[in-house]
């Protein structure tokens, strides 16, 4: 707990929340533009489903990258100031620091998703969607995002802390974002392996193309998929923690 | 100027940045080619269709972020371990320090562009494209490179100012989307990121008219000189702060 | 002191958010000197040195080096200065030799300078090791080698013995002392340790709270810093009376008898007198003035260091 408070303390004056908010702004601006365009084209398919499915697939692009950025910023300050050594010599255990950084990063991303959900609700009401906000869909949307973040943050933290040159961590985030964006093009087996595809994979809504027309399908959260993501989170977290805490400094 | 560039080049040793420079184009090419392969039925224009597929991913996503990463990297070297102290007390002009960084990033991106066009050729052969290789591809790459220098000038300015490695890259991603928006609304000539879209022919392969070509060049020149002089001015004016 | 100053500042001042860090400093360093820039941490030493090098822009005042105005002849002046500011700068992913090569490229100097500079700081054996694997002391040596690389006319070193072990400190001190004679350099070095400045410098400037309190030859400072002798006996008051009859004039303070300017022979004499007069001499101590005492004298008021 002490270590976690310290992590948040160290983020002061780093503008990390401002930055994530601006980043979210860019995503939402883009998403709402494209949603209003498609709504204008076919007015029948206006509904919460359309919004959720668009945002979920855009999250596939944006969340891996913002995760990479947030995690890199939290980890890089130790590389920059050579403070990792300093931290180890205090009585705080290394794996506690690792845990604190992880919790800190996932909290910032939780903020992102919550803010995003609020933005969706506000937008839906503003454009006048008739039906009320479906709570079950929204809960699944938030849940899917959070769980996928768990795995991605764990992976990014491993890379950011073990490789000093942050270009690698950021490139991984970039590749991840790209995978997330194009995941619907991949065969199912690859989609199961690439964790970045779970933003749309765990989304409560997906769409299918039938005879050149798009159709929204409600998909319940698959227990199998959920298990895979959680399993990968655990693997990445402990592999990273094990590797980094045993690394020479 | 020459000495600054060779010093800059020396700093890139052991950095393994080359790995990233190679992997990114390969990745965008693989995905683009796969997309082409699975949709061959709908894509009728051979080499041109293949270019659309691969340059869309490359020009709208990988290349701009790659530029941002390169710029962030060459600045991170100085942000670490108080190196601005040494660099700013070297007997070279502040302008040449900045321009050397810009030159090195430009050369790196040039190599990436050459590599990319080779990959494009190889992919076309492997996919069995029968028609002749389009000469325009060289023009697209070259113009893409020129627009890349504008982006690099902007990103270098940001990365010198912002000490974080990751933040300027986040900004560049936002700028990519802003650039797409400006391209769609036909204001593409007024933003470096959309100049890249125009230059590389990612969304439209129609060749530019002579007027458009000159406008493209002039806009890039304006951006490069404006961003560079602003960054150099700031470097000269501000105190060197190192932790 | 008759030679014109190689480095001079004129009312050099720096304000950060309207808080004064360096206040109208007029500094003068002469050719061939080792100028010790002395002051407690946070006194404005580094800020002043950074202004000399143009790393920090003065709020007011000007700097001239080699008789030229700094803001106008930046490149010329920098090409004749070597510097090490704050802690050493280095590219961790490069080897020691490659770090030197970066400096070489920027300064256009021959290969043999690299060898010589590395030899002087005794880093030849480790030159192919990445600098991130160096110890703090080795990084400091590399920083000195990088400052020396062009064997400049003027060498500016900020706390050069930071992070070195006692043996290393002694070695670097000897090295710095030898530079003016061997290479005709002028050296400006800062420190917060009076003893260090005393052992190396020929001139000294003392800064505190951004004000240059004293500037001049080392001997002048050393005169102020002469050791005094304290003697404690069973009965100081009576002992003082006895000594007065022999012509000694101790000051009775802080429970000691205090003597200024005593030679060794005189100390022995005083001891003999006291013992023969039947006093038990409890201790005889040599008392050096600390930096604090000198500050106290210079400013006439108490300062915390």
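For reference, chains read A, B and C in written order, and residue numbers begin at 1 within each chain.
We adopt the following convention: a residue touches a chain if its C-beta (ideal position, glycine included) is under 8 Å from a C-beta of that chain, and two chains touch if they have at least 3 such contacts.
Note that the structure is a prediction, hence the values are computed from the model and not measured.
Among the other chains, the CA centroid farthest from that of subunit A is the one of C. Chain nearest the geometric middle of the protein is B, using mean C-alpha positions.
Each chain gets a centre from the mean of its Cα atoms; for subunit B and subunit C, those two points are 49 Å apart.
Here the spacing of subunit A and subunit B, counted between their Cα centres, is 26 Å. Annotation: 54 Å between the Cα-based centres of subunit A and subunit C. Touching of two or more other chains is recorded for residues 165 of subunit A. Residue positions 15, 80 of subunit B are each in touch with at least two other chains. Touching two or more other chains at once are residues 93 of subunit C.
Contacts from subunit B toward subunit C in the complex involve residues 3-4, 6-7, 10-11, 13-15, 77, 80-93, 237-240, 242.
On the side of subunit C, the complex with subunit B involves touching residues 50, 53-57, 74-76, 78-79, 81, 83, 85-94, 98, 101-103, 105-108, 130, 146. Those residues of subunit A lying in contact with subunit B across their complex are 14, 19, 22-23, 26, 29-30, 33, 62, 65-66, 68-70, 72-73, 76, 79-81, 165-168, 170-171, 174-175, 178, 182, 185. Taken in their complex, subunit B has these residues touching subunit A: 15-17, 20, 23-24, 27-28, 31, 34-35, 38, 57, 61-62, 65, 69, 72-73, 76, 79-80, 163-167, 169-170, 173-174, 177-178, 181, 243.
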